[in-house]
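Got some structures for you, see below.
Across the two complexes that follow, chain A remains constant while its partner is chain B and subsequently chain C.
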Partner chain A sequence: MTGRKVVGVNVRKVEGHKLVTGAPAFTDDIEMQGMLYGKILPSPHAHARIKRIDTRKAKALAGVHAVLTYKDVPRVPHTTAGQAWPEPSPYDTYLLDSKVRFVGDRVAAVAAESRAIAEKALRLIEVDYEVLPAVIDMELAMAPGAAVIHDEPDSTKIYDRSHNIAGYILREIGSVEQGFRESDFVVEREFRTHRQQHTPLEPHITICWLDPNGRLVIRTSSQVPYHTRRQVGQILQIPVSSIHVIKPRMGGGFGGKQEMLLEDICGALTLASRRPVKMEFTREEEFYMARSRHPQRLRMKMGVKRDGTVLASQLTVLATTGAYGSHSTTVQGNTGSKVLPLYRAPHMRFECHVVYTNAPVAGAFRGYGCPQGFFAQETLVDEIACELGMDPLDFHRMNVIRLGDTDLLSAQLGEGKEGLPRVVRSCGLPQCMESAARAIGWAQKRKKFPSGHSHLRRGVGMACTMQGSGIAGVDWASAFLKMNEDGSFYLQVGASDVGAGADTVLSQIAAETLGVTLDKVIITSGDTDITPFDVGAYASSTTIISGGAVKKAAGKVRAQVLEVASRMLDAPVDQLDCANNEVFTTCACRKAVSMTDLAMQAMYKEKFQIMDGASHFNTDSPPPFCATFAEVEVDTETGQVHVLHLASAVDPGTAINPMQAEGQVEGAVAQGLGYALTEELVLDADGRPLNPNFLDYKMFGFQDMPKLTTILIETDEPLGPYGAKSISEVPINGPAPAIANAIFHAVGIRIRKLPIRPEDVLRALHAERPANLDEEAMFAL
Partner chain B sequence: MKTMELRVTVNGQPRKWSIGPGDLLLDVLRREGFFGVKRGCEKGECGSCTVLVDGRAVNSCLMFAAKVQGCEVLTIEGLADGDRLDPIQGAFLDHGAAQCGFCTPGMILAAKWLLDKNPHPSEDEVREAMAGVLCRCTGYIKPVEAVLAAAKQPAKRATRKREPAGVAR
Partner chain C sequence: MFERVEVFYRPASVREAVRLLAGGKGRARIVAGGTDLVVDGDPTARALIDITHSGLAYIRKQGGGCAIGAATTMAELEESRTILALGGGILARAAATCGSIQIRGVATVGGNLANGSPAADLVTPLLVLDAVVVVADAKGRRKLPIAEYLAARGTKGLRQSLLVEVTAPRPLGRRCGWSFQKLGRTALDISVVNVAAGLQVDGAGRIQWARVALGAVAPTAIRAGATEENLQGRTLDAEAIAQAAEGVMREVSPISDVRASAAYRREMCRVLTRRALEECAAQAGCAL
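And now, the complex of A and B:
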């Protein structure tokens, strides 16, 4: 830790100035000569065949330059999931198809000279549908006689299309049967989670044009520029070399932009019209035509010894991916592989069916299957601890994964295939628990049971969670650095800053390694013509994987810098060091050369540019850890739950920029609070979204946030650059179970369904209100 | 389509624009290159398009451009004094209050509106004044800290009041 000058420092974001001054940095912030406006005709039906589609009137409308239906485009089964090739998600999606599978599915697309003309053209497209029976309820998807959603013959990698099963997973470590037999107590409960939407403030947007060489340029708000380039090439059947993807500043992604959603159709409209085309989702479209979090039904069973030792855990999940299988098995695989190993049980079993329904498509979303799994597991664990008469904190202290442990479930359950065993090489979870417990006042508040006769009852609850840092053996990144005459460095990374601050963190890693101040690093990220490859921003990978590549590349460049300095200072390389934009001798007779003089020497005297690149990947995915503690107040007359205080303590390894790391926790907690209490995209019986707007879909706002205590417990991860792991996902997992457990502490009811709405709390209070609510005895069940 | 002439002062500069009667202020400002005005929902629900009209924070997606005839509009582009950031902008950088930055212009202008009328707000007053701006990245903690920190620099704030160039009212 000693002597670091840039890493671990709360520097201002390198990209901050343009953001606070409103500089034109985002995808939409350009105006192009002759740019058309592209628009999709969404399906009004959840499940239908297009019997007849007539676009003649739309094409004849003045100002319309292209109208596309399935008849006009190549039919290439693919996935929209922005995953490394070969993608584990089913190839079940088409640019345009003769069948529609959810309300909002693509029927046709137009490009016109204005948005108004494009919208008018959509109304002029005549479509006759054969409406098919729809499957909206995931419980009915596998039932005999249920409508088959993917009956097309050419889709691939679907587990069992005749039963609408997109994917199936079964993994077991040890023998849960034996584990349950040897347990003193076995508890099994069912949990339900819902559809949350990412709602980045910048909806999906793409602008395409043809450059002077006829190459297709795609300017897009994407977490995965390289995967998008590959997939668009596959879908439009043009070479990857003829595509240039540019990711400008992104206005948030949260996993929703780990998806190729507009780039293919926008590119197709550009190729058809030979004009620049802009496509964007309206806010309403973003809610149901983009992606959401997978709803799940989880049955969780745990066996423990009388002393609280966990022997066996079993999680059985039914999830729906909606109409297409984007991220279907991978998200659900995470529900098992990242959740169950939190406890050191020798026996674990995870089984999951992911089914198709005629509903909006689910996809990657911050947490990637973990918020669902941890809600079930941590609520069940709290119940078990209370049943045993144990403090849940003691139960966690006793059972959670420790430094040096190997998680074997991860070895069985990787990214859609076998994975790699996960070894815990850094672990701040015990300190996370103790710090957050102190912050919330656990010891005092847990003892002081809700008493008195007020209708307002208070309680505290907790949850522990973990995540990964990149996908082991899959995610990789590269970086390139070159030195300029003034001693500054261009840093080129394929990494895609979603808005979380990766550009700053990666620049800090480069500056630290090179011994220069942060202003000497000029970063370009996510441009497929300019920057080297990176799988993209997902799976909490950017700091550890892309950062690893930056550190390696900077190490190589530093070696070149030292060689030039060695000649200039007439000193051996091993007696040189760099800091504060100069290279100096470490011996007593201190000699130094500035980076500027050094660069001039290299470029104009020695005639070479100091530059190098490197690639990086890991065969393990070090887990960041998080302890979330919540204090709530429950109104027993209305069922309203107010979170009074939430403490989130996270072990991210080294925090490269602690201020930004805190910001990740705070943002994840806000999203996690919405997931727990207020956010749900609701569908009617026909699969139509009922609340696709910010008034009816309630996110937490300025006035809704509780008191929040953010704690960073830094550890030193051997596999991460400067000891860093990751932070942006793990804190989203804790709020829901911590709040549910605090509600139990406050009023003695167990809520096992999200979001926790006042009506559900009230119903539960009336249904199972214990007679002895006011007595302390109830907690020693 | 029928057009009308809009005379408006934007960031201190008098402008004369030809607009349609149904054009929204958001669309006109972006069309004229003020890209700091963000399109987040077009329904007045997210606040990303916030600008100040005669000092008052409004959702430019809900206002007809014709309504700002003769008014003074401030967008995020007009807040800094040359290279000198407004203290709110500086505080947003120092406190890590901007993450993706998409809602940041709306937040900063809502904060300016607040601090102009109430230079020493309480935390609750900050939260109330900024409640019209939604953010998905920050959890609102650091933006609140930033606005409260900016409020502690009244001298700096006072010095950067600029005289608008004259415009016919």
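And now, the complex of A and C:
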């Protein structure tokens, strides 16, 4: 912390001016000559075979330049999950196929001179379907006789296709059986979570064209430009060298854009029409043709000693990935590996089936499996604490992971393979708990039993959560820097700023290392022709991994700068330092040279370009921690739950930009509140979405937001640049369990299903039984 | 959306609007704020008739009551002194719950009624206020009590007519109480259930006049006629309110949809009716 000039400072976003003045910064902000509009014909059926498809009328329509069906494109099994090669997700997806597997699946695609013509052309495509029995309910997916969703022989990496099992995970540390035997109390509960959609302000959008050299340019709103380049090459069977992916400013991704979703089909239409093609999801399409959060059924069992010590925990999950297995085992793996080790139990077991259903495809979503797991774990832990007569805060104080602990479950559960053990090298969780508890008034409010008279009852609840910072041993990034004549630096990173502020944070890290002010760093990011490789924006990796690459590259460039300065100032390098755009001697003589003069010297006298690059990866994924405390008011007549105050205290390591970090917490909390209470994409029995619109998919708006308290508890992470870990995901995990626990405190009912709908609260209130009855049932061993 | 629309008219008077509508051969649609019409995107529309410049945005005092032009916006209703004074301000209160500030700036009372949503928030207060709707077509103007208008809205005769204004009669005088209650999933939401109520008691606390209207629990917003009758002449006390609240549950016919189940809606009719009548009682000076 000492002496830092740019890191840790609330500088403004480097692209802020451009955004607020409406400069053409986003994918959609260009208009190309002859640009066509691409549209996908979505399947009206959850499961069907295309018996006949006739596109002649559509092709004959004036203004139509390309119509594609499965007959016109290469058949390459792949995954749309934007993951490092080789992707751990099943290769079960095709550019276009003769079978459709969910309502909204691709049947055909057209490119036409206007959106209206494209839509008309879609209506002219004649399709005969053989409608197949569909599996909508995940509980029935593995049942004997259930329709087989992926019966095609060429898909690979599917765990058990005949039973619709995309992936299966089983890991055990110690012996839970022994752990439960040694426990004084064992509690087991079942939880259910639902389908949440990312709802980015900017839906998926891609514009493709052929540049004068005939290379395919893909301008796209993507978290993963490099993975997209590789995957599009694989799917369209063209060399990577003939693809150029550009990621402009983005209007949010939240994981939904860690996916190659429109780029392949848009590219195919461009190759077929030889014209620029734009494809964009409407809001409705975004809801069911893009991705969503995996619904899960979780059975959680915990064994504790009488004094509250956790001995064993076991989580058994059934999850559905929808029609395709994008991120299927990795999201679910996280539900175990990032959740269970929060407690220092010697015995842990995680088992999970991820099944296919004829439903919209689930994928990466902020939290990546953790919101589901923590909802179960933190609600169960609250129940156990209450039944033991312990304050849940004390229970957490006693049991949560500590500095110096090694999380062994992570060693067994990596990204689709064995992982690496996680060592806690920085941990602000105790301070997080104490400060958020203070902010919510825990001590007073827990003591005062909520008054029983009015129909409005208040309660407070808490939850502790953690996440990772990059995927250990998998995620890597690179950065390149060169110096300009005016002493500024050009920074090129493959990192993909989704709107969360990566460009600013990475510039801050470069500026700090180089001893220049922020305006002396000009950043270009996420362009596969210009910037070096980066896996992309996911897994809370950008600050720690891409930032690590920037710091290394800047360190190397700094060394070059100091060498030039050493010649100019006639002083040894070890007596030089740089700050405020100059290099100066640290000895008593106080000589200095400005970066500008230094640059001119290097370029025109010494005739060499100060420049260098570096790559970076970590073999560990330092966890950021979060304590979430909620105060709610329950209307016992309507079942409505009002969140009055939500306090999040987060340990992100060093906050490179505290203001942006707080913004990430607040955004995650808003999304977490919606997840807890109102947001759900609902399907009917035939797999059709009932509410693919903002009228009936209810997000938290400004008026719904509770009072927020956001606290950053900074620690110094040895593996992170300037001590930074991550922040954008972890705060989304806490609201649901904290609210469920606050509801229990307020009205004595346990909520184990999300979202917490007023109807369900009311039903539970009506069914409420005396607490001691519950207790007996609970400890029946 | 509206790809087939060939003309967009902006008539300067009611007469011209009516003429254009009659000449539209059933393919002309009136547009006011457009907050329902544009969302629906009716593909059969060939002509749009914008009535926001037809002299229909007004709130006038009239014979002790008031007249509200069809193109008056929610925002105007919310802030109007006349509307705030009318029936304890329930119409203003309902208007203030409609959508966001941007929606309320353009959404109109005429559109709210003509669109015919069972959840339209202005309808229950207007039912309680005994409002009358004035419609015009090529044959002339007609007055219809609002309930009749709601029932006949879909018929051929009314589909071809322009809603000109809504009038509310002279207020009732002393010892009245009024309430508007809305239940949504979030702050900005279409009603899952809404209830409006109004009543007047005599010196002994007996109910002289009562209105209870419920929205989103039947094909149109309805008045709970039997409940109103049962309240008539009774002393306004907790028991009367509890019975009325139970009673409305038998008068509604809610459906289950993605917003709520029928059972929940029915239960909420009870809760909101009780809350509405309790508020009325407090305003009418009746201790419960």
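Structure notes:
Keep this in mind: the second predicted complex is superposed on the first by the 767 of 781 C-alpha atoms of A that agree within 3 Å, B and C clash if a C-alpha of one lies under 4 Å from a C-alpha of the other, contacts with A are read in each partner's own complex, and residues count from 1 in each chain.
Basically, contacts are C-beta pairs under 8 Å (C-beta built on N, C-alpha and C of every residue); 3 or more make two chains touch, one makes a residue touch a chain.
Because the structure is predicted, anything quoted here is derived from the model rather than measured.
Aligning the two structures on chain A places chain B and chain C side by side, free of any clash. Applying the stated contact rule after C-alpha superposition, one finds that A:Ala588 touches neither chain B nor chain C. Applying the stated contact rule after C-alpha superposition, one finds that A:Val498 touches chain B and leaves chain C untouched.
In the superposition on chain A, A:Gln703 makes contact with both chain B and chain C.
Counted by residues of chain A touched, the larger count belongs to B, out of chain B and chain C.
Shared-chain residue A:Val682: touches chain C; no touch with chain B.
In the superposition on chain A, A:Leu762 contacts chain C only, with no contact to chain B. In the superposition on chain A, contact is made by A:Glu637 with chain C only, not with chain B. In the superposition on chain A, A:Leu695 makes contact with both chain B and chain C. In the superposition on chain A, A:Arg12 contacts chain B only, with no contact to chain C. For the pair chain B and chain C, the model built by superposing on chain A gives 5 Å as the shortest CA-CA distance.
Chain A uses residues 695, 699-701, 703 to touch chain B in one structure and chain C in the other.
If you check the complex, the residues on chain A that touch chain C are 116, 637-640, 678, 682, 690-691, 695-696, 698-701, 703-704, 758-759, 762. Touching chain A in their complex are the following residues of chain C: 3, 39, 100, 183, 185-190, 257-261, 264, 267-268, 271. Against chain B, the residues of chain A that register as touching in their complex are 10, 12-13, 15-26, 28-29, 31, 198-203, 249-252, 254, 280, 282-283, 498-501, 659-660, 662-663, 665-671, 693-695, 699-703, 705, 708, 710.
On the side of chain B, the complex with chain A involves touching residues 30-31, 33-43, 45-46, 48, 75-77, 79-80, 85, 89, 92-96, 98-105, 108, 126-128, 130-131, 133-144.
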